[in-house]
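This is the structure I have questions about; it appears just below.
Read from first to last, the chains carry the letters A, B and C; within each, the first residue is number 1.
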Amino acid sequence: MKLTTQLLAVSSISLRSLPSRVASSAVIVMGTAGVVFVLLSVLALSTGLADSLNETGSADRAIVLHQQAANEIGSSLPHDSVATILDAPGIAKDPAHRAIASTEAIASVNLPRKDNGKLSTLILRGVSTDELLRLRPELHLVQGRMFTAGLREIIVGKAASERYANLGLGGRPNFGGDQWTVVGIFDSGGGAHDSEVMGDIDTALAAYQRTTYNSVVLKLDGPTGFSTLRAALQHDPTLSVDVFKEIDYYARQSQTFASFLSLIAKAICTIMAIGAVFAALNTMYSAVSTRAVEIATLRAIGYGAVGVVVSVMIEALVLSILGAAVGAGLAWAVFDGHTVSSLAGGGGLAQVVFHLHIGAALFTLGIVWACVVGLIGGLLPAIRAARIPVAVALRAIA
Amino acid sequence: MKYLPLVWAALRRKPTRTLLTCFSIVTAFFLFGTLQGINVGIDNVLKLTSVSHLIVQSRVNQGAAMPLAHKVQIESIPGVTAVAPFGIVIGTYQQPSNPMVIIGTDFDAMLKISTDLMVTPDQAAAMRRTRNGVIVGVTTMKQYGWKVGDRIPLRGIAPKADGSNDWQFDIVGTYTLQQPDWATRIFANYDFVNEALATGKNQSILFYVGINDPAKSAAIAQAIDDRFANSPNQTNTANEKDSIETTLGQIGDRKLLINGVCIAVLFTLLFLTFNTIAQSVRERTAELAVLKTLGFTDASVQWLVLAEALTLAMVAGALGVALASRVLPWLTSGPTLAAQGIGAQHIPGLVYAAAAAVALVLALISGVIPAWRARQLNIVAALSGR
Amino acid sequence: MAAVVSLQNVVKSYTRGRQRVEVLHSLNLEVQSGEFLGLMGPSGSGKTTLLNLIGGLDKPDEGQITVAGERLDRLSGSQMAAWRARHVGFVFQFYNLLPVLSAERNVEVPLLLTKLSRAQRKTNVAAALALVGLSDRATHKPTELSGGQQQRVAIARALIADPTLLVCDEPTGDLDRESAEEILQLLTILNQKQGKTIVMVTHDPRAAAYASRLLHMDKGTLARDESRTAA
């Protein structure tokens, strides 16, 4: 008999007898479901944050920071450097031939949260009013109007507006000792900016009595824009700055936190998976022993040992994948689309609000983990099944 | 107790199954013990840390150095009673795998700020006299077997101003806290450390700030941050509690996360133990019937099955928590945490009690249906069934 | 001699599927103290049902059963269990020993229900094993013993609490000729030397030959009752 024919035959017999072993089979399903549920739930946090920060970045924008600054809040650019940067080649120009760029300054401010009244940190970002919308086309106002340069007016990100007291349209929050007025609510498509507050850069600098900027964000002039710009900035002896594609900058910002969380998730889930492997071993050993006569009969008829081994493995795999589907489905049902916030913005000093998203990539990861549990849990029992002495097992029924 | 051999016999019937179930329960309780240990540990850290003084850190980058000049400016802010800088020497002791952090500070200021720091007056005086003196936490003293009067050689990671990497510190005293486990820091004299350093002179990675009124801590913290708002070295001031909360990584809702994981783990386990006991009862139908013919009542057979579930859960659960009690202190001991003044965490009694309760509930829930089946078992039917 | 077992108008039926089958029809029986009663009959004649009723494993639908001075039809489940522990010893066809316990541990099980101390239990177990001739096999597991030896352990277990009555269901049904003879001789000795009342179901005429009184059952009634002198 061909191996594939054998496999099909043996596996279909063993899978058909599954319902009669429901209770013990449920152990594998529940075991892997538990592992996958915890894995996906915790990883949804880290990927959700990473996604949020990645959405903030765009491939056709770049951010200029002071050399070796880890992030915006640790960067300081004097006025004359900013002027030099804006004159550099590689930056896209508006119809009036001005660089499409925003010179920005950020300050962290504490505001009471709506839900528990506790102070929480968010970012006030001063931006170049004229170029803001050309630079960040994803940003659009959903309520109210744009702020006016020279006035203490701000527009508030959708997520921030929902989360903090006093940040609704017409609200008058207090930043740095001054009252500001909320004149608009904006939506930038789920990125970190949605947890921020924006106002005119010169007004912000004046309010905080500052003379230096934190960063320059600019639109790149086509695909070669970045290398042109970087070469120009690096070779200018008057400048000590670093330039990053915005997308790379935000990816790096999310990395520390995301990798910390995913490390924790993986450590916990590895231990859980070990427990699940024991459970799977248990179930498969008992499956093999209840099916000893059946297996021996098949072997007596002429089925090979390989067929038996593989059929046991397939049963374990089917059960654990079923478990993965249950766990992933549960995680999806409970957490997908939930909004959480975490310290992550501005170098770990401001809260970023983001959505948990349990998508195809996480599902796949869950299935992979479940398969590993199933394979390890099925292997030893499969070997025992293949070693069942045919004569002894058959005599047991007599 | 005399029925123990019967319970034990039931568990030994299928040793593979019992062992595998046991291992699963061990892993689950290991996770439970460790995670809840961390949970309670963090709570304890937060409970014991004080709100009576402030900690100033760099806003630019966590752990980044600030100029020592900030000290004078902070001292001038109303409500501030004393300021102690932290100048850090990182080195290794005896072998490269043994990292150590020395905190150069103004020890007298530390004593004024941190009132829970307990040192004898003559040792504090000795610290003032001895330039290369150090005052070491009792836990660290015990860990390395040091005595007052010992000279501690340390190999610094960065070279000193004189070009060498070798530091010598003399232990002039020890300090302890109400929670002696946490007395883990090594304090040296800031001036001694600062002079010897080649780079990073006149810097401090944080300032301890004493205040005259804890109720005003938020206002004073704001005043300090406002003072440096326009400098390139912005500060982030908070009381110790908030500061540690941030350092420990307050991610989303820690308790929800940990409890969620524990519930998922234990719920999964419930199925496993239930299945093991149920299978065992199914296979022993005839044996249980024989016990009944010998005069065991329905109730006592039921209790035997429950005792089986209890023994399994309790023994394996105890093993799991015992394993966690070894691993948790190892996970939480390290020079970084020690320099934060956080000692190795031990699983608190509360968690042991919780684990025992969880094992009990687990055993009862997973054993109740099989036990009920054993109770209902009809002798005549069970014996003729073979 | 006093009657140890007394059945009056006992009716017992079972439901098989939807059908109700009356197994014993208005049965009357007395067993005297010291008798070795053999119950014979074709399968389905109700001999095991009768044995279960006498041993207090089951209750009649109608009629009275008095065994060792107790009205069994009036006892609750747990009273019945306590009564069994005190008055009856069981011997089964397939021995029904607990597989993971050693011979002496198996024999000890009924004593766990008594107030005897550990030392007393040990003494009694040793005596019972000596009586069945297995002192040298005390620490062996059932799987390490032959069928005849396992049945002797089972008899020791049945005797250990000094019951009024021994109830044996096909005690030699699973044994070879030689072991069967040994077991039957052992039962005879217990009957004659220790005065134990024995009720034994068997379909083997050679086993029945050891009984002092033989009852033939057919279709739920007593067909023939013959007393005989012991072999």
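Operating definition for what follows: a contact is a pair of C-beta atoms (placed from the backbone, for glycine too) under 8 Å apart; a residue touches a chain by one contact, two chains touch by 3 or more.
Quick caveat, the model's predicted, so the values are computed rather than measured.
Trainee: When you average C-alpha coordinates per chain, which one falls nearest the overall C-alpha average? Tell me, please.
Mentor: Ranked by how close its C-alpha centre lies to the overall one, first comes B.
Trainee: Quick check: more C-beta contact pairs at A-B or at B-C?
Mentor: Looking at contacts between chains, A-B has the larger number.
Trainee: Centroid of subunit A to centroid of subunit C, CA atoms only: how many Å?
Mentor: Here subunit A and subunit C have centroids separated by 72 Å.
Trainee: Counting only Cα atoms for the centres, state how far subunit A is from subunit B in Å.
Mentor: 28
Trainee: Can you check how far apart subunit B and subunit C are, centre to centre, with Cα atoms defining each centre and the answer in Å?
Mentor: 63
Trainee: Considering only the defined contacts, which subunit C positions touch subunit B in the complex?
Mentor: Checking each residue of subunit C against subunit B gives 48, 52, 55, 57-58, 77-78, 81-86, 90, 92, 94, 96, 98-101, 105, 109-110, 112-113, 118, 157, 161.
Trainee: Where on subunit B does subunit A make contact in their complex?
Mentor: So the residues of subunit B touching subunit A come out as 16-17, 20-21, 23-24, 27-28, 30-31, 35, 59-62, 64, 229-230, 232, 234, 236, 246, 249-252, 257, 260-261, 264-265, 267-269, 271-272, 275-276, 278-279.
Trainee: For the complex, give me every residue of subunit A touching subunit B.
Mentor: Result: residues 23-24, 26-27, 30-31, 33-35, 37-38, 41-42, 45, 70-71, 73-74, 76, 107-108, 176, 208-210, 212, 257, 260-261, 268, 271-272, 274-276, 278-279, 281-283, 285-286, 340-343, 347-349 of subunit A touch subunit B.
Trainee: Provide the residue numbers of subunit B that touch subunit C in the complex, in ascending order.
Mentor: 2-3, 5-6, 9-10, 12-13, 286-287, 290-299, 379-380, 383-384, 386
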